[in-house]
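In the two assemblies presented below, chain A is common to both, partnered first by chain B and then by chain C.
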Partner chain A sequence: MYVLMALGFSLIWGISGMFNFAHGAMYMLGAYISFTLISWGLNASLSIFLMMIIMFLLGVLIERFCIRPFSSYRGTPSYVMNCVIVTLALAIAFETAILLIYGGEFKTVNPVSPGVVILGPFQISNQMVYSFLFGVLSIAAIGLFIKYTRVGLAMRALAQEPTAASMMGLNPDAIYSITFGISSALAGLAGALLAPVYSIYPSVGWVSFLYAFIVVILGGLGSMTGVIAAGFLVGVIKNVGTIWFSGQWMMAIIFGALILLLLLRPRGLFGTRVG
Partner chain B sequence: MTFSFFLKDHINRNVLIALLIVFALTPFVTKNAYFLHLIIVSLMWGVCAASWDLVFGYMGIFHFAQTAFFGVGAYASGLTCLYLAISPWWGILWSSITAGLLSLALSLPTLRLKETYMTLVSLGFVFALFYVISSWTGFTKGENGLWGIPSLYDEVSKVSYYYTILVFFVLSMAVLYAVTKSKYGLALIAIRSSEDSAKSLGVNVTGVKIFIFLISAVLTGVMGWFYAHYILLVTPEILKMDTMISVMAMTVIGGAGSLAGPVLGSFLITFLLEYFRIVGEYRFIIYAAALFFIMMLKPKGIYGGIQNLIGRLKER
Partner chain C sequence: MKRLSRPTSERSTLALLEINSIVVQYGKMQALHGVSLRVDQRSITAVIGHNGGGKSTTLKAIAGLVKVQNGTIQFKNREISNKAPHEVVVEGISMIPADRKLFPYLNVLDNLRMGSYCRRAWTKQDSNLEMVFELFPKLKQLQSKEARTLSGGEQQMLVIGRALMSEPEVLLMDELTAGLAPLLVNKVLEVMQDIRRKNVTILVAEQSAAKILRIVDNAYVMENGQIVLEGGSEELTHNPLVLEAYFRV
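Up next, the complex of A and B:
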């Protein structure tokens, strides 16, 4: 799941060179939207699908009205700053809005299919299996999309050489919109899939945002395989580590390791470009 | 932002002196403790916002660690006073040293890289610090916070605190002003305009960045010290995102890239929040909306707007 979250984040960072601080909010929104749809009695898979469409549209709208006004600064540090501030403002606004609508208490989402699978010595709930399969499928889909479609090709071209790409007749704004939409949908998907496993609350997005960024830095910017590998690594480390340390200390340890990593190998474990 | 500040640098000395006299005389006019408290808080956050702006507006690096420096300053002094029973005045030393060391720990690995790494790593840093402080219950008392920090003055009125913070405020502003006017300030402008050309002209880019970051952290750490001995209670809450968002809102709404802007923003936000308590829940929505509109319409904030107005009036 960290992979899903991190992929969307890395996608925006890699392609348009900006940070989306609303990414955590997107995760949270995805979880709440699918929670609402399910509570209306919709089928779980269908509601996740609907939620992804809503999140995609929301992402496109955000790009159009909040990010594009700054497009003349693109490529300069002040572009990044403006985007950081605006997306942070968005994140705060979404979080407060959800707080006002749903209240601050923890909500638990009913699992799609109750029961457990016995796998050797481990017991895994059906929900985990379902989330895992859904996650892997969508990661594969995104990978294929970027690799084999024209839009994916355009995205890669823009990431590498924005000027040349727009000279070849690409419309960068449209591609950025699509990227933002896909990224939001992925974050929302991660939120919806994890909601039954962990409970949801309005500020839930920040923690997952944090993990997403650990994964992206660890995996190296612009490397999809790196992000996937790092996502699994962080997941394993976190869950194995909690045997010895409490979860909160684990966070501090991961960050200590991250700062060390940045000192020694700034491009991440698998990255090729130096940030 | 930066450049226009230096070009249009008509901070009127008379206006400054007049303001200083007004602030110095305020306690003689009103002894209303609540009003004085609001000014104290505004001045305190004003320094934090202005030193954050030194890194954000002048250097062009967005980071989240300002609350970390503030909180660490507060905890450093609070803990040494509690465990070693030393005079709170010595706390300034510990606060500034720990905040400075923290800033080095953060800036040495990350400032060599692109600005964006600082943004992310500082965010993680604050979260990690928050978790350490709130779960290390044996040492920092965890979520309950540090109680019983000794106060600076034994009196009930806030007048002594008022003058203390006023002195520290003026000193901090003088330091910030001196930094922006020194060769480091010029190097900052060079770095902001074009990092590569600055490098090629022999500016030690990383060194300047680390130095500026250090100054900003130490000033904030001292404010943390003041907070600890003024409020007398430090909880991990001050490390939360909310505090950082307030500091950011103060800077951006007041006007980034200037020294007066963040202070203006700090006064504005502190007083508005106190007098419109009813908004409570909606506070962050208002922040968000204000940030959003200022980013869209007037990136220089309120102070930039005032400067424009003065400029236009002078033209007539």
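Up next, the complex of A and C:
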């Protein structure tokens, strides 16, 4: 699931060249939106699907009104700072809004289907299986989209040579919007899928955001496969690690591993560009 | 401006592209001081001159890559000055920049496919690909190689092929022969004539006048942001000023 978050984050970083500090908020919004849709009686999978569409549109709107006005600064260091500030502000705004609407207490979300599946010596909850499948399918879908469609090709081209891309007839603004939309939808999906596991509260997005950041750096900026691989790696390490160490130690260990890796390989595991 | 050719009004073919007194400024520095030129349909027109004279800037102005402060750029009698680069491509003008700007991590095929990005060209992608592979058989072999791994000459072929994928009516070429071995330069000149046979009009900026003047229909000499000489290839090749300044290769 870290893969989903990281993928969205690295899409925006790789293609638009900016840090989306509201990414965690997207996760949180996704969780709350699908929670609300389900509580209105809508079927779970349908809710999640609908939520993704809503998140996509939200992402596009954010790009259009909050990011695009700064587009004349693209490429300069102040652009990144600007975006960080704007998205951070958005994140806080969203969090406060949700706080006001839903209250700050932890809400537990019912799993899609209770019960477990026995797989050899392991007991996996149905919810986990459901999340896993949904997640993997989404990742595969995005991968195929980027590789084979016209827009996917445009995204890759834009990331590598923005000037040349516009010389091919590509309107960069449109692609940036779509990128933001996809990224938000993915984050929302992660939020919705993990909601039953961790329960939801307005600040729930930040931990995931941190993990997304770690995974993207670990996997290397500019590499989709790297991000996916790193995501799985982090997920595995975290889950396996908690068997031996307690939660607090986990973060320290993960960060430690990250620092070690960066010292040895500044590009990350699969990175194609530095920084 | 000295005109050596027959006056403009006598030329029978319609000007496809016409620039009138454009002024371009880079911050405080004025790059173009009122440049006017015309490009006829199905012609190969060259802008020659020493580096820094404004040739690239002129092409970039047409392509929408730099802002024009004054003057007009007309394509098929429509005003296109200060349109965004992607809009200019949709109009039918494609540019090959001096530094090529290939997509380094995309393979040859993807680079070519990106060339036909605009809707008009995307639907004809397959037939255009065939056309490009016919023109450059080597590219077909190199299809799945990443663009950054290609040699200089191969990259040159790719960049021309990519521009052709957008089905342009006018192709702007900025310093295409720079840094190429003589054999490759000749190949590029051949290709330009092939392209012209396919009904594509070419406007090329070149520093080395000698070779390009052999194949052009019309040329403009540019110095210090202004056109100083204009004429057909015959006249310019025998003009003493041109010979002195530009033929000392």
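Basically, the second predicted complex is superposed on the first by the 275 of 275 C-alpha atoms of A that agree within 3 Å, B and C clash if a C-alpha of one lies under 4 Å from a C-alpha of the other, contacts with A are read in each partner's own complex, and residues count from 1 in each chain.
In this section, contacts are C-beta pairs under 8 Å (C-beta built on N, C-alpha and C of every residue); 3 or more make two chains touch, one makes a residue touch a chain.
Treat the numbers as computed from the prediction; the structure is a model and nothing was measured.
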Combined model on chain A where chain B meets chain C, clash or fit: fit
Partner chain in contact with A:167 - chain B first, chain C second, else both or neither: second
Which of chain B and chain C A:150 touches, first, second, both or neither: second
Vertex chain A, arms to chain B and chain C (CA centres, degrees, nearest 10): 90
Touching partner for A:97 - first (chain B), second (chain C), both, neither: first
Of chain B and chain C, the chain that contacts the larger number of chain A residues: B
Which of chain B and chain C A:60 touches, first, second, both or neither: neither
Partner chain(s) touched by A:25 [first = chain B, second = chain C, both, neither]: neither
Distance of closest approach, chain C and chain B, by C-alpha atoms in Å: 16
Residues on chain A lying within both footprints (that of chain B and that of chain C): none
Chain A residues within the chain C interface of the complex: 150, 153-154, 156-157, 160-161, 163-172, 272
Parts of chain B lying in touch with chain A, wherever the complex brings them together: 56, 60, 62, 105-106, 108-110, 112-117, 119-121, 123-125, 127-129, 131-132, 134-135, 192, 241, 245, 248, 252, 281-282, 284-285, 287-289, 291-292, 295-296, 299
Residues on chain A engaged by chain B in the complex (per definition of touch): 13, 19, 66, 69, 77-78, 80-82, 84-86, 88-90, 92-93, 95-97, 99-100, 206, 210, 213-214, 217, 246, 248-249, 251-252, 254-256, 258-260, 262-263, 266, 274-275
Residues of chain C that touch chain A when the two form their complex: 63, 65, 84-86, 89-90, 94-95, 97, 101-106, 110, 113-115, 117-118, 121-122, 162, 166
